[in-house]
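Look for subunit A in each of the two complexes below; its partner is subunit B in the first and subunit C in the second.
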Partner chain A sequence: MSVVIPGAALPHGTPDPVTPRQIPHRGGEANPSVEALRAQFGEVIGRHDVMWGETCVWIDAARIRDVVLWLRDDPSQQYDYLVDVTAVEHRDLDLPMEMVWHLRSLPYRRFLRIKASLPMAAELEVPSIEPVYKAANWLEREVFDMFGIRFAGHSDLRRILLWDSYAEGFPLRKDFPLRGRFSRSEQLSQALSANPEAKYSMEELSIADAFHELPADMRARLGGTSTGEG
Partner chain B sequence: MATTTRTLEVELATQSLGPNGELRRVPLTATPDGVVMPIDLPPGTEPDMGSERMLINIGPQHPATHGVLRLVLELDGETVVRCIPHIGYLHCGFEKIGEYRQYNQIIPWTDREDYLNSMGNNISYALSAERLFGIEITPRCTVLRVIAMELSRIISHLVWLGTTAIDMGAFTPFLWTFQERETVYNLWESWVGARLTTSASRIGGMAADLPSGWIDGLKAFLRSLPKTLDETDRMLTRNGIWVGRTVGLGVMSASEAINYGLSGPMLRASGVAYDVRKDVPYLDYETYDWDIAVGTKGDVYDRYLVRMEEMRQSIRIIEQALQRLPDGPINVDDPRVILPAKSKATSEMESMIHHFKLVMEGPRPPIGECYVATESPKGEKGYYLVSDGTSKPVRWRIRPPAFVNLSAISKMAEGHLLSDVIAINASIDIVMGEIDR
Partner chain C sequence: MGLTPATKPSLVSYDPPSQDGWVTTRLEFLVNWGRANSLWPMPFGTACCAIEFMATAASRFDLARFGMERMSYSPRQADVLICAGRVPFKLAPVIRRIYEQMPQPKWVISMGACASSGGMFDNYAVVQGIDTIIPVDVYVPGCPPRPEALIHGIMMLQDKVRQQRSISDQQQYEEITIDPSSRFYIPAAQIDELSEPFGNSVHQTRSAP
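Let's turn to the complex of A and B:
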C-alpha cells in the first residue's frame, strides 16, 4: 500500500502551508471551489462570504448530496474528507436554522464550509450525505438527536447520545431549557421506573431471537415497536 | 469402589459432495470396533449448527471498553458477524452548557471532554476563541503552548499504551507508562496547580507563566522518557504474543479511512500522511523539524507503531521549543480580554472597573464564526464557534475525533474473533468523555 500525501494535487513547488497571521475578520481571498460550484450548479449556489480566512458558501439544502458528490469526485476539487456535520440555531428567532457541513480536500489542502438555511416553519429535513461520506453516519445521527433535523436517506437514523425513548425533545434547540424540559422529580421517577433489561433495540433482540424468550408482560411493554424504558 | 463414567457426546461430521455437487456435511458414527463411518440420515434431520447466532453484550461497565462504551456483538461461534456500538452513557451536554457560559468560562469544560489531553484541549479552544476575537498571541505563549500540547500528547499516548497492553494481557508496560505520566502530572501541578483538569489557557495567553525550575523538571522527563519507550519497545514490538494479537486486525485501507473520516494515528496508520500540524499549521508548527509517522497496513499493530513514533517526534519538538523559548510577556496586551494586574485592580479605580466588567460581563467578540482544528492525540479536534456579538457563544461545537473514529468500529470488527474486538477497540484510543460530551 502506498502512502497518500496531502497536497499531492497542488502544482509542483507549491510552498508548504504556514501558520496564518493577521487574518482579516471579513474579506480576503475566497476558496476557488466557490466559483467552480457556481459554474457547475448555477443558482443552487447562493451567496458566499469569507470570514476569518474561511470560505462559507450557501446552497439549497435539497441539493446537498449532489453538491458534495461532485465536490468529492471532480478531479479539480477532490473534497474527500468530511470534517464535520452540525447545525446552528440562532438566538434571533427570525433567523432560520442553519445546517453546516465542513469539508476538507486533502489533495488540494482546501477547507470549505457549506451552509444551508432550514426555515423553522417547515419540517426540518435535508438529504443525508451518508452515501457519499461514511463519516456522516454518526455525525448526522448526532444532529438529529440534538436538533431534530431529519436526514432523508440515512441508513440508520436513531438517537445516538440520548436513549431511544428520550421524550424531552431536542436539547440543542434554543427553546429547550438548560436543565431539561421535565422537572427533577419527573426525571427521577422515570429513571427509577426504567427497565434495565429493555435496553436492547428491537433489532438486536431479533438477532438472538431473545424477544420471544422474554416474559409476556415485558413483550407487551416493548410492544414490538418502541425500545428502551419508555 | 464406586466409579462414575462420564460421557461426552460429540457430533462428528465430515464434508462431502451431495448428489447435485453441492457441499454438505455428513455425520459420522462409530462402529463398535472403533471405526468411524458415515451414516446416512434422511435430509433435514441433522441439526444445522450454522444458523444459530449469539448476542453478546460488552459493557458499559467493562474495563476493556475504556469507559462506558457498550458493544452489542452478534456472534457466529466466536466470530463477530455484526458489532453495534451504543454510546451516550457519559453525555453531559457540554455544547448546550457552553451556550450559557462566557468564552473564558468554557475552558474548564474542555478539560473534561478528553480528560487525558486536558491541556491540549484548553489550548485548542483558546486558539479558536482567539481566532474569533482576532487576537495574535505573544511569541513566548506560542512556544509554551507547543510544549504543553506535545507533553499532553505524550501522556495521552502513554495512557493508551499502558491500557492497551493490559487489554492484551501485558501488565508491566502499564506500570512503566503510568510512572512517566506521573512526572508530567507533577509538572502540570507545579505550573497551574491542577493535575488532571488543568484549565491552563486563557483567551490571549495562559493562566500562569512557568514557575522557576519547571524547565529542569521537563528536561529530566525528556531524559527518562526515551528509556521507558525503548524498554516498552523491546518488550512489545517483536513480542510474539503482541504481534499475534495485533497484526492484521481491524484493517482500514487509506481510501476507507478517509471516507470514514478517521483522523490522527488511526488515519496515519492507514497510510495517509495527514497531520493538522503540517497541513493546517497553527502555533508555528511548520518551523519545527519533525516527521509524520505513517503506517502502511492500517491494522492495530501499525497504530501502535505510529503512536510510539509520535511520542518520539513529540520529544523532538519539545527539545527544539525549549531551545527557542523566548522571554517576554505571556499574555497579549489587549484590554478586551486580559484582566489588569491584580495590584492595579486593587489600587486604581479604572482598573477595578475594567476587572469588574471583564469578569461580570465577559469579553465580547465581533459577530462571526470560525472553525479551528488542532491535532489532538486522538485526531483532528476542532472547535467551531459562532458568535452573535454577545459575551456568550451562539454555538460551541466540538468536533470530536474519537467519536468519528469509533463510528468505524462496526466495519473494523466484523469478521474478527470476539477477543480481537477488544484489541480493535483499544486501538481506536477512545475517551468516552469526548465521545459523549
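Let's turn to the complex of A and C:
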C-alpha cells in the first residue's frame, strides 16, 4: 500500500491547480494521455473529443484491458483510480451502445473518459477490467444488472441491485417499460416470495442453514470455484 | 367503602373526599389509556421521511410527550411500525417479516406519499403503497410530512387505540398467521432460527409458546 500524493508526479514548481473558469463547450486542450495512447496502441485508439474540458477517447472494446493496464502501470500515466464504469444506450436505435470508463490519475491530476462502441446486433460483451482494478467488480455487476452487458473474465458476474431471480430484463435499456414487464401483483408476489437471506453470498451471510434454499446455480457458484454466470 | 359507579363509562371518576384514595374506571379504559400513551415505535426509515421522523423524535417536537421516545429497534418489543419512506420490492419481504415479528397488538403508520401510495415513484422498483404488503392503520400524507403532520397521525392512532375493545375483542391477541399453503408462508421456527434473539434471554422468541 503506497501513499498517493495528488500531483506528486508533476514537475517541480507546477503551480497548484485553481478552479478553471470559462471552459469552452467543445475544443480545448486534450489530455496528453491520448497522444501517448496513440503512440502505444496505434489503430486500437479511435477519435477523441474534448467537451467541457474533459477528454473522451474512443477505443476498440476488445482491447480495453490492455489499455487500462498500460494506463495504470506506465510511469508516465499512473491512472490509479477507477472512478466509474457505466454504459449508454441511445434512443436512436441505429447508434451502437457505448461502454464508458472513467479513469483518474492522482499523481498527474488527469481525468480520462474512455468509450467503446458495442453494436446492438452482436452479443453485448466486453472484457472485464476487474483483473486490473478491483473496484470494477461491483461497477461491472451494476452495468450487467441494468444493461445486460456481459463482462468476460469477471469473477462473480451476477445481479447486484436487483435480486438473482429477477426475470423482467434490464431496467435501463430503452425497450424496458418504466413500470416493468409484469403486472403489479405479479411483481409483488415474486418479491414477497423471495427469501431475503438467500440474496447474499455465503461470505456475507453467516447462516449456513440457508444454503439449501439458494438456487442451484448459486449453490454451485458458492460451493465450487468462482467462475461467474458466463 | 367510597366506591361509586362512574357517571361516564369512559372517564375516570375521582372524588378525593368521598373516595378515600380509590379510583374506579373500566378495565378496558385503563388498558387502552396505558397502551395509547406508551406506543413504542419501530422506525422503518428508508428515505427523506425518516429525517422528518428524526426531527419529530428530537427535542423541538419531542415525541416523548406521547410516551414514544423509546425507539424499539427490535420488532419484538415494538407496538407501532412507522414506515417512513419508499419501500422497494427488494425490501418488501423484509418489512413484511418485521411486521410478522412484532407481537400483538400492533399498529402501522404509513408516513409520507411514497409509503402510502408509491408517490412519484411509479416505476418497476418501488412498492405502490405498503398496504399491499401489510395492514396500515394511519396514513400520513405529505412529501415529506412535517413533524406536525406525523404528530397528528400519531394522535389519530392514539384515538384509535383508546376506542378499541381491548378486553372483549380476543382477535387482537392472536398472532396473524399466513395460510400455510401460501407461498408467502414462513414457518415460525424458521423465523426464529434466522432472527437474532432479543432482550436478556436467548429464549425470547416469537414462536415460543
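Simple rule for what comes next: the second predicted complex is superposed on the first by the 188 of 230 C-alpha atoms of A that agree within 3 Å, B and C clash if a C-alpha of one lies under 4 Å from a C-alpha of the other, contacts with A are read in each partner's own complex, and residues count from 1 in each chain.
Criterion: a contact is a pair of C-beta atoms (placed from the backbone, for glycine too) under 8 Å apart; a residue touches a chain by one contact, two chains touch by 3 or more.
What you see is a predicted model; the values in this text were computed from it and never measured.
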{"item": "Contacts of A:V83 with subunit B and subunit C, given as first, second, both or neither", "value": "first"}
{"item": "More subunit A residues in contact [subunit B versus subunit C]", "value": "B"}
{"item": "First, second, both or neither for A:L178, with subunit B first and subunit C second", "value": "both"}
{"item": "Subunit B versus subunit C as contact partner of A:R47, first or second or both or neither", "value": "neither"}
{"item": "Partner chain(s) touched by A:V18 [first = subunit B, second = subunit C, both, neither]", "value": "first"}
{"item": "First, second, both or neither for A:L162, with subunit B first and subunit C second", "value": "both"}
{"item": "Partner chain in contact with A:L106 - subunit B first, subunit C second, else both or neither", "value": "first"}
{"item": "Partner chain in contact with A:S193 - subunit B first, subunit C second, else both or neither", "value": "second"}
{"item": "On subunit A, positions contacted by subunit B and by subunit C", "value": "161-163, 171, 176, 178, 207, 210"}
{"item": "Contact set on subunit A toward subunit C in their complex", "value": "161-163, 168, 171, 176-180, 184, 187-197, 199, 207, 209-210"}
{"item": "Interfacial residue positions of subunit C with respect to subunit A in the complex", "value": "89-90, 92-94, 96-97, 122-125, 127-128, 132-133, 183-184, 193-194"}
{"item": "Touching residues (chain side subunit B, partner subunit A) in the complex", "value": "53-55, 57, 72, 74, 82, 84, 87-88, 91, 93, 95-97, 100, 131-132, 134, 136, 253-254, 256, 258-261, 271-274, 278-286, 294, 296-298, 366, 368-371, 373, 380, 382, 384, 386, 388, 390, 394-395, 397, 399, 403-404, 406-408, 411, 436-437"}
{"item": "Complex contact set, residues of subunit A against subunit B", "value": "1-7, 16-19, 21-23, 25-26, 51-52, 54, 56, 80-84, 86, 88-92, 100, 102, 106, 109, 111, 113, 133-139, 142, 146, 159-163, 171-172, 176, 178, 200-201, 203-205, 207-208, 210"}
